[in-house]
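Structure first, commentary second.
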Amino acid sequence: MSETLAEHQTGVPPHGHAEPDKFDVRKLDFFYGDFQALGDITVGIKRHAVTAFIGPSGCGKSTFLRCLNRMNDLIPGSHAEGTVLLDGEDVYGPGVDPVDLRRRVGMIFQQPNPFPMSIYDNVAYGPKLHGVRRKAELDEIVEKALGRANLWKEVKDILPRGGLTLSGGQQQRLCIARVLAVEPEVLLMDEPCSAIDPTSVQKIEDLMAELKDRITIVIVTHNMQQAARVSDFTAFFLQEKLGEAAKLVEFDRTAVLFTSPKDRRTEDYITGRFG
Amino acid sequence: MSDTGGRSEKTNASASGVPPTRRRELVDKRVTNALALGVIWCFALATVAALGSLLLYVVINGARELANPIEFIFSWPKGVNAEGGIWPTIQSTLYATGLAMIIVTPIAVLAAVYLAEYAVQGRLVSVIRFAADSLASVPSIVMGLFGLALFVEAAGIGFSALSAALALSFLMLPIVMRTTEEAIRSVPKYIRWGSYGLGASKWQTVSRVVLPAALPRILTGLLLATGRAAGETAVVIYTMGTSLNAPISPLEGGRTMPVHVMLMAMEGINLKAAYGTALLLVIMVLAFNLTARYIVRRTRRMQG
Amino acid sequence: MSSRMVPSRRFASVVLAVALASSTLGMAGCSRGAQSSTQLRVTGSTTILPIAEIASEMYQASHPGVKVLVAGIGSSAGIEAVGNGTADIGTSSRDLKPEEASLGLVDTPIAHDAIAVIVNPSNRVAGLSKGQIAEIFEGKVTNWKQVGGPDLEIGVVNRDEASGTREAFSNIVLEKRPFDPTAAVLPGTGQVRFVVAQSPGAVGYISVGFVDRSVKALSIDGIAPNEANIASKRYPISRLLHFLTKGSPKGLAAEFLAFVLSPAVQDSVVRDAGFLPIAEGAQ
Amino acid sequence: MTDPLDRGGRATPGDRRPAADLLHREAPAPGVSGPSALVPPAGPPTRLSTISRATYLKEAGLKNLFLLCACVAVAGVLLIFLFVGYRGFPIFGKLGIAAFLGGRTWSPSAGSFGVLSLIINSLLATLGALAIGAPLAIGTAVFLSDVASPRVRELVRPAVELLAGIPSVVYGLFGLLALRPIIAKTSGGLGFGLAAAWMILAIMVVPTIAAISEDALRSVPDGIREASYAMGATKWQTIWRVLLPAARVGIIDAVILGMGRAIGETMAVLMVAGNAAVVPAGIFKPFLTLTTVIVLEMPYASGDHRTALFGVAIMLFLISMAFVASIRLISRLGRERS
């Protein structure tokens, strides 16, 4: 993609801080009805890097992830306050179309969720939504997306078969291919590996490393080893008391956060004292 | 049954130190259990026997009439006692029911889409649900008089397949609505998220992912409701009339199979025709039912 | 599927609109041309239904393009239908009531009918007096032993109020006194027949034309309901069957009426249905 | 189909396709470095598209269309009430509600339209049918949910479902021609009467009651069953003391729905009731109900008689609404208690 090329040409290091953050979140509060789920989150998600959100379950990391592409809009009675800037523009700004936002900020879920249709149609679904009609063009997009998801070789002969007939790990990669087919700028992954077998986990982690050159990746995981393996940056979330809003405790380069956390609570968590 | 029985036996055997009253309690408990379960078995068997005897009766008596099925199905009733075939009643039944299905399907499915996907719990939704439940429980004779008053007389459509279809669609509406809503709700949330996550709008998600996924169960509901409509008597008798006619235009009246059965039985002259028509009607309705079950089973196999 | 659903909805509404429009046109057309069109609606008595249906089949066979729609909905309904113009010919197995005189109907009798009182063949009673029958149907006599039969409860089978047979029976036998309200009310001649045939203590009344071997017709005041007795008018419970038109019959209605009165119908259909030709009774 | 993501005037013409779109949008970024990128470039912001009017209108329009469809159900109930009411209501004014509801004589030819006997008969038929049918149905439901082996269940459940699919006129035919002669032989009467109606209606309510009761029984968590067995209860004790009470609300709903089905049933009752407009003196005597009076007399009714029959339909409608309302009330009470 042109931006990536431009970066390399101008010699900016891929993860340099000089580059503006992809997401710039400022003082975000999030509510389910009257209950405040997230409080005062301020964080910058770095471009072309993998950022991991960790924390004990129920700490709001998934909720926060879903604020980034406004998936939370689907929950009746919820609302967000504060700003979430994507390339400098507020995704919660007046009139912003969450539907188009989600095309740019794709999402992978915990449970592999292929549609009950063929493998081909699963991947072609997104491009078709956005107006691609020509068969040849669709074929190309499908092959490319499956290729980027490292699934092409396994499924190229069984494209008309139902997506649900694949194994769990394959299904998850199919879902990744499905998202890649709409060329998102950001990929949000909500515990993508918790429902699949270890071999497939390996494949997906490899895939993330390949993809991050071109796509900004945010992954929620409760597996700290995974966070340490795949991410460049890590954010630690914590809900300290039941009924209180979850907060961002610490955010730093993964290497720093896991070796010398600044916050006591982070240290307790990563050393396994709770959670 | 057997495993609990086994368990209490074991208790009994090792109960040598237990006082006699306690032992009798255990025996009583076992006897009561066996008796009660026996009664439950009898109830279930009685239900099955009721179905069996009903079907058997209709089949035995109707089979004679259906000895020459082609003639019985495709020829017209002749003479004083409506002997011969029953083709016009079959055509009337299929016409009115098919038309009702065409009318009710889009409305019921979209209504269910609203309830399952768009509606926010509130006063309006509970009013809609109450109305649907009420509609489902309106006695069919009342629905028939309603059709007579509104479609046949006030709207001036007359005794016709269209009037019957409109009245029948009110009968089918709550059934199709409920089964479709359940079908839509049974589509996993995750699948919806997958679509939204790709930048699909709500309608795109509903129309391209949710409805296709729910289609088999929607079809099942539709078939069951259509079967119900095809067997309905009281609604059509006041909306389509009783004249023996094979309707071509929706404005023509006719006599459906259940109405024919009823008239033959009431008139009592040609009971053979009543049996034959009843058998055909039962076969038709069972075909709807069995197709519906087949669809469910096949989908379950494919998705599970 | 749902993208297909939108058009189908559109289709349905188009069908509806077209249907509604053409129905109004159709209705207008009907009311204007009812008398002279190629369609004739004959509605009313279930007793007359067999005659009307066969006659209509024969008539349609010899007059291609003509449609005769026959419905049996009861004499009263037939009279009302011809009165308000929803039928061209109303058929009735009873005479017009005084309050129906204002409808302006013209009566053409087409056949004689007698009403037989029937019992189960196992019943050893063979005949009753008219008075006894009246008492049974009024509910005053409730056991066969009161009229010389076995000790068996009488199961009275009555017809519904729409029935011309009931009307005639009420006029002739009960002299308009009320029926026993606890009696079973059955809506069809055949049903009365098979219920009586299946219940040992039952008694009912049906048109003589429908009596068959499954039931036994009682003689009344010693007179059996056979053809000779009916033609000679000795059998006490008999009546005329009527075709009614609004004003004197015109056009298709007149032609059909003439056909029904012709020997082709009178000598075969009317007789086959168990009635007597209108000319014969007059002798 | 129009592109739902058509962004009206805001997008550059011709950049509909996502890939191309993306390139266009990203293109300016590399040139701008540092914090200045956070400031939107001069000119209208083009990256985050706003909801276009067309999209918004389409989605809102569809939603309203669906709402409209859902409201057809409401309209149906109102129309029924309106049109049946419009035809039947005058009878209340003419006779007075008390004379209509409280009158014991239904004799149209004599101009008396008292429906009390018919109401009593309908209730007698319904309650008797439930007394037979409800235990049968609940027993069958228990059988299906907790007693039968999976294989037996796969045979019995379809049978129960098919029972629901059989047209009521076929039940009527069976009642009239198979059941009634048997009753006539054993009782010595005509065979018409409550006894015949009870048997037929009892079979007819079984599928309704059994299906809903079974759902209710199945929704009782397995943990509760296991807890009961673990305390040494037999299967029957578990069913009687634990499962049936736990599924109580659902079972009551089921019985009320069955009651609605029985009281509204027309054709089957018509064939076996015998249609005498009096409260019968015994269970083998003919009787007329609210539903059968309509189907029997409507073909020839005119004037006040016709109005009175529509009045009877209003009563049936209100009774069925009352059943639905009571189900709602019961399930609300049940929810509050638990």
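Points to keep in mind about this one:
In order of appearance the chains are A, B, C and D, and numbering begins at 1 in each one.
The definition used in the following text is that contacts are C-beta pairs under 8 Å (C-beta built on N, C-alpha and C of every residue); 3 or more make two chains touch, one makes a residue touch a chain.
Computed from a predicted model, the values in this text were never measured in an experiment.
Chains that count as touching both chain A and chain C, per the definition above, are B, D.
Counting C-beta pairs in contact, the pair that comes out ahead of the other among A-B and B-D is B-D. Centroid analysis (C-alpha atoms only) places A farthest from chain C. Measuring from the averaged C-alpha position of chain A to that of chain B gives a distance of 47 Å.
Chain B and chain D have Cα centroids lying 12 Å from one another. Spacing of chain B relative to chain C, judged by their CA centroids, is 36 angstrom.
The distance from the centre of chain A to the centre of chain D, each centre being the mean of the chain's C-alpha atoms, comes to 45 Å.
The set of chain A residues that touch two or more partner chains comprises 99-101, 103-104, 129-130, 182.
Chain contacts: chain B has residues 106-107, 110, 199, 201, 204, 208, 212, 265-266, 271 touching two or more partner chains.
Each of residues 4-5, 55 in chain D touches at least two other chains.
Here the touching chains pair up as A-B, A-D, B-C, B-D, C-D. By the touch rule above, chain B contacts chain D in their complex via residues 1, 4-5, 7-8, 11, 29-30, 32-33, 36-37, 39-44, 46-48, 50-52, 54, 57-58, 61, 106-108, 110-111, 113-115, 118-119, 127-128, 130-135, 137-143, 145-146, 149-150, 154, 170, 173-174, 177, 199, 201-204, 224, 227-228, 230-234, 237-238, 258, 261-262, 265-266, 271, 274-275, 278, 281-282, 285-286, 288-289, 293.
Chain C meets chain D in the complex at residues 3, 73-74, 76-77, 80, 152-153, 155, 157, 160-162, 178, 181-187, 195, 198-202.
Every residue of chain D that touches chain B in the complex is listed here, in rising order: 4-5, 55, 58-59, 62-63, 65-67, 69-74, 76-77, 79-80, 83-84, 86-87, 135-137, 139-140, 142-144, 147-148, 155-156, 158-163, 165-174, 176-178, 203, 206, 210, 229, 232, 234-237, 239-240, 257, 260, 263-267, 270-271, 291, 294-295, 298, 309-310, 313, 316-317, 320-321, 323-325, 327-328. On the side of chain A, the complex with chain D involves touching residues 1-3, 6-7, 10, 12, 18-20, 24, 85-91, 93-97, 99-101, 103-104, 127, 129-132, 182-183, 185.
Every residue of chain D that touches chain C in the complex is listed here, in rising order: 1, 107-110, 180-181, 184, 188-192, 274-278, 280-281, 285-286, 288, 296-297, 299-300, 302.
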